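Multiple structures are listed underneath, in structure tokens.
Paired with chain B in one complex and with chain C in the other, chain A is shared by the two complexes that follow.
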Partner chain A sequence: MSSRRARAIVIVISTLTIALLPLVVQDRFLLKIFTFVGLNALVVVGISLLFGYAGQVSLGHAGFVGLGAYTAAFLVARLDLPWLLAMVAAGLVTALGGMVLAVPSLRLKGHYLAMATLGFGELMTLGFKEADFVTGGVNGFSGVPFPSVGALVLDTPQQLYWLVWSVVGVALLLAGNIVASRPGRAMRALHGSELGAQASGVDVVGVKVRAFVLSATFAGLSGALYASIVGFISPSLFTTAASVTFLAMAVIGGSNSLAGPLLSVVLLTLLEYLDALVPGISRTTAEVIQAYQADIYGLAIIAVILFAPSGLAGMWRRTRSTV
Partner chain B sequence: MTLLKVKDVTRRFGGLVAVDSVSFEVHEGTIKALIGPNGAGKSTLFNTLTGFDRPDLGSVTFDGTELIGRAPRAVVRAGVARTFQNTQLFNQMTAVENVMVGAQAHQGRGFSAAALRLPRAMAEDAESGREAARLLRLIGIDEWSGTLGGDLPAGIRRLVEIARALATSPRLLLLDEPAAGLNATETAELISTLFRVRDSGITVLVVEHDMGLVMEVSDEIVVLDRGAKIAEGPPRIIQKDPAVIAAYLGEEEPDDE
Partner chain C sequence: MRNARWVVALALVVSMTVGMSGCGAQGTQGDSKTAEPIKLGAVLSLTGTYAALGTAEKQALELESARINKSGGIDGHPIELVIEDDATDEAKAVAAASKLIEQDEVVAILGATGTGQSMAIRGDVDRAQVPQISMAGGTAITQQFDANVFQTPWSNTIVVPFVLDAIKKSGVSQIALITDTGGYGKDGKPIIEASAAELGLKIVANETFNPGDTDMTAQLTKIRASGAKAVLLWTAGKEATTIMKNAQGLGMRDGATAVPFFGGSGQARLEFGEGSGDAAEGFTFGTGKSLVSTNWGPDSEEFKVVSDFAKRYEAAYGQAPDIFAGHAFDAFLIVVNALKAAGPDADGAAIRDAIEATNGLVGFAGTFTYSATDHNGLTTEDLSLYRFAGGMWEPAE
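Let's look at the complex of A and B:
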């Protein structure tokens, strides 16, 4: 099948590009930007499962990023636990959090679920500020050591880049396998018609809970990686604005797709660092773009909803079907 | 043999008694029709039979086991599948994918198995695909298998929904107005599909307004009016029943819709 072949070629080329990038790009700052792209991608892959496939909206996912970040930071920096163990713990804690947030989704839909998850995110931010004996409060939590396994410490920009993108790769592989088979169909069914899904014997509760747990875990791991890469975290990183950005990336990327959201994460994250990426760009242009970043996201979402309701992925699918 | 036994089922919404102490039985291997004017309580009754709604009183036993209190998924897994008056297809999925969702009703959720591409999960997926393709052929709509649910014409949507319900391997199939929106040719095809379904050993309970279809396919008919059963029997008797004629032609009373 030619479309399957085209897909395989795109996957191989993008994997190679991402894997070999640090050999070409030596600039520390640029590599750091591309590492952040990976961290956002990890969160957005999860949100794509939850929102793009299962149709469950969340405006609170930055709360999970923060939960994972503080869990890992506390375990490594304060309790001196091994980094790998802290990562696993951060994943488990956020998975549990995802299970908790799944509860309102069993009763609420659409706007009401959006409000409930928004409330969850706000509560988490408040918690990060107030629980200062663990989190350091508004002053933040500093001194998180670099990732390490035994005696091996990953502290160069290249190593950290590869670490993050390896995790993204595994997450994408698992997510891709899930959406391509039975649970993927169950999620899309739930998205299409909850009544129809129930009548077809879909375990609606089980599927919703798993979609929340998976997406929360991916977000938590992203936060945990962020904490140990940057070394410093504070509540201002994990706000509702960040949750909206993640959701925006998933919406612009398109539903029922992982590749679309991935592309959208890359483009929108890089937009933030335009001045560092495009050498000739004037300072004012870059400043304007950065100052109006939230507005650009907003306009992009409106444009997507008006002109391309299924996002980048939908535009791609349409061009292919008309050719 | 009695496959479904509905006994004294009552459902109230505030002061309105939507279903009023309705009792009837459906015998295995037959096609039974449930008819009545708009607002007679047919869809409400369907919802109480399939776990989508819970009656205030009464019992529904399927092959000896109580269905009341079970979630829709449990009802499906017990062997009772349904379609909807307003078709509930998955619009972003192709016809064959829609039917595959039904075919996986008896399998687990399978998140981990799918994430790791375990051979068993892959084999079950392939089996669901084959079963879905077989049913689309059986219903005679396999040419639509690659079309998205949202792009299907109304008549085909109804048939895909029937195929999806059949994919759950039911012993009893509940159809809510399957002929609504169908033209004469499509209705004729639906009728032959219903006979084929019955001949394959599946019992059918159908809510329908198309009297031609009802009279042709059903072995027995139950008539509801304003929530209560007013008649039950074979088509020939029902056609001549004065209470039924009165309910349909209307008396000097406002419409209860």
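Let's look at the complex of A and C:
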């Protein structure tokens, strides 16, 4: 079987599984968890482009998620704008934010870029806390209505699940096209060697800005969707800890891949909700896993760096080439 | 070889899907089989910063639900308590509330332990139309009014006027204010400012500090120079001890330059008295009467409720209940009282209505009377003044 056909089969099967899941799963909380998986996936797809392909580290992506969430929440709940318009606005605002964060990336590399993005994330959290006339401050922002288009209100767990995963699907298509074409090659060239890429005529500035803008927009859309699905947001949801989790998912998933990070998002997000997923699991087991979640992420990252530097995607590639 | 691999992969996907449908079906079966017990959910901080508070609350809730069930439950329906840990984290609180509502299908949620977590689960509570009874003291919980959300502790909106009134009665008209910029002080500050203006008290110095600060001499020096005749300290943080020690160092605690210090529920903590030593001698604060149950008078219903609960709690856990256990006791009592009125088959909305109709219910924190505009339910009648003497509080009057 050719590798291209294998790939197509995997894509078709996973698309069908994801699309048909709500018809099989009746438990509303499980559907909500799978919806959260989709929201995380949207962020991580963006980070994979930025980090996995273009090699730019961001420790502040939760800031973009928050920016999108508060923008959409404010426009829909306070200014009564249509939901779709608020989504577009959230996307635009975070795209702008991505452009701003791209500026330091033009001058900074490696640890220094990581520090700058970390600072950005912290600044955003501070902003969410202090701008209480818009964000509601530390007490949070409540009363965000469900997504709606005209008279159609999406308020069942099934509808929300499909909504989120459709957006993820579009994002994946977009990202897949990018990485398979000229901009994607430019990103990989940048990842390999910035100087080399520049010497080969790659518009390094343009690639960096586009990667930041795109990944910020995905994160912002995820936040905007989260706000309307859960109905409540607060600054503590968009902290550096969340940024690190997103980056961890992308790292464990592997570079130069979209499928690897996607798989790692699914696994790592579900880990958090183990007690709800596995009916028979003992309460203490679930609690121990949840209490050590950050440590599990950390160990997984160390293991990946030591034993499988290119993540889940790399492991998959290796097994395939040895068969 | 490769084909075999794909067959395995396909089989895995199929088995996963079937497995999920299996647990979906199990959920529905469970619902029809367990229609008998009344499911109550609790979102508590059993780990994280508020672990001590959440653990006390859990013990109180388990104690009380076991007692109710032993005496026949609600019209023969036992109460099934489903407790979820939010790890003192807003995101986890949202997930916990979501699980309780959508997977366990509880009819009411007790919690959360902290103000932030209590605010965070509001979205889920509103959408599911189930009542929430928070055990956190933040004013925002009932000030940012939500028809589905109730609260059991004494909130700043009643404690502040009570303490300011006591200051005024002591013959002082110029006060200094020192608050923390974290949750409790930030919550109290605007209420203190508004309430002082109403009572005709002049705030001549208005200082703040950040949680974690280790020296407040600068703020206290300004306060000393302001001519304030009393200092109101509003914080629940451990920095309160530093403030008292700094004040002592500046000669503000004894002798000719001594100034009386006042505070609120945030000072109803043993370590504040122990840590401050004689620096807190005479420190006056206002909080619930139940801090010293004899405050209520030996024949009162309140005394009976508080001391009965304390006896049961001590017998079960070998320690006296703190105020947090008391706030959980109240949350449970209020829901049970509403369930008795609304009947065991009542849905979330009906229970909410019954809770709002709570009138004159005597609990740990005092007498609860909720209304369509008041979801805190307590009044200054339920408060009392205390004074530190020898590192421990005693009734001030």
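FYI, the second predicted complex is superposed on the first by the 322 of 323 C-alpha atoms of A that agree within 3 Å, B and C clash if a C-alpha of one lies under 4 Å from a C-alpha of the other, contacts with A are read in each partner's own complex, and residues count from 1 in each chain.
To be clear about the criterion, a contact is a pair of C-beta atoms (placed from the backbone, for glycine too) under 8 Å apart; a residue touches a chain by one contact, two chains touch by 3 or more.
All values reported here derive from a predicted model rather than from experimental measurement.
Undergrad: Quick check on the superposition: with chain A as the shared anchor, is it clash or fit for chain B versus chain C?
TA: Superposition check on chain A shows chain B and chain C fit without a clash.
Undergrad: Figure out whether A:S193 sits in contact with chain B (first) or chain C (second), or with both, or with neither.
TA: first
Undergrad: Once chain A of both complexes is superposed, is A:I13 in touch with chain B (first), chain C (second), both, or neither?
TA: second
Undergrad: Would you check which partner chain A:S48 touches, where first means chain B only, second means chain C only, and both and neither mean what they say?
TA: Neither partner.
Undergrad: Looking at A:V144 after the superposition, I want to know if it touches chain B, chain C, both of them or none. Which is it: first, second, both, neither?
TA: second
Undergrad: Hey, in the superposed model, what angle do you get at chain A between chain B and chain C, Cα centres, nearest 10 degrees?
TA: With chain A as the vertex, chain B and chain C sit 140 degrees apart.
Undergrad: In the overlay, work out which of chain B or chain C sits against more residues of chain A.
TA: Tallying touched residues of chain A, the top partner is C.
Undergrad: Quick one: classify A:V25 as touching chain B (first), chain C (second), both or neither.
TA: Touch partner of A:V25: chain C, not chain B.
Undergrad: Please indicate which partner A:S228 is in contact with in the superposed arrangement: first for chain B, second for chain C, both, or neither.
TA: Once the two structures are laid over each other on A, A:S228 reaches no partner at all.
Undergrad: Classify the contacts of A:I178 with the two partner chains as first (chain B alone), second (chain C alone), both, or neither.
TA: So A:I178 only meets chain B here.
Undergrad: Return first, second, both or neither, reflecting whether A:S257 touches chain B, chain C, both chains, or no partner chain.
TA: Neither: A:S257 stays clear of chain B and chain C.
Undergrad: Can you work out, in whole Å, how close the C-alpha atoms of chain B and chain C get once everything is superposed?
TA: Scanning every C-alpha pair, the shortest chain B to chain C distance is 22 Å.
Undergrad: Indicate the residue numbers of chain A shared between its chain B interface and its chain C interface, in ascending order.
TA: none
Undergrad: For the complex, give me every residue of chain B touching chain A.
TA: Residues 50-52, 71-73, 76-77, 81-84, 88-93, 97-98, 100-102, 104-107, 109-111, 114-117, 121-122, 124-125, 128, 149, 161, 164-165, 167-168 of chain B touch chain A in their complex.
Undergrad: Which stretch or stretches of chain A touch chain B in the complex?
TA: Touching chain B: residues 174-175, 177-178, 180-186, 188-189, 191-193, 195-204, 206-207, 210, 214, 255-256 of chain A.
Undergrad: What residues on chain C touch chain A, complex-wise?
TA: Per the stated touch rule, the residues are 1-3, 5-6, 9-10, 13, 16-17, 20-21, 23-28, 47, 85, 87, 89-92, 94-95, 98-99, 101-103, 115-116, 119-124, 126-127, 138, 140, 144, 146, 183, 186.
Undergrad: Could you list, by residue number, the parts of chain A that touch chain C in their complex?
TA: So the residues of chain A touching chain C come out as 1, 6, 9-10, 13-14, 17, 20-21, 24-30, 32, 36, 138-140, 142-144, 146, 155, 157, 230-232, 234, 236-237, 242, 272-273, 276-277, 279, 287, 290-291, 323.
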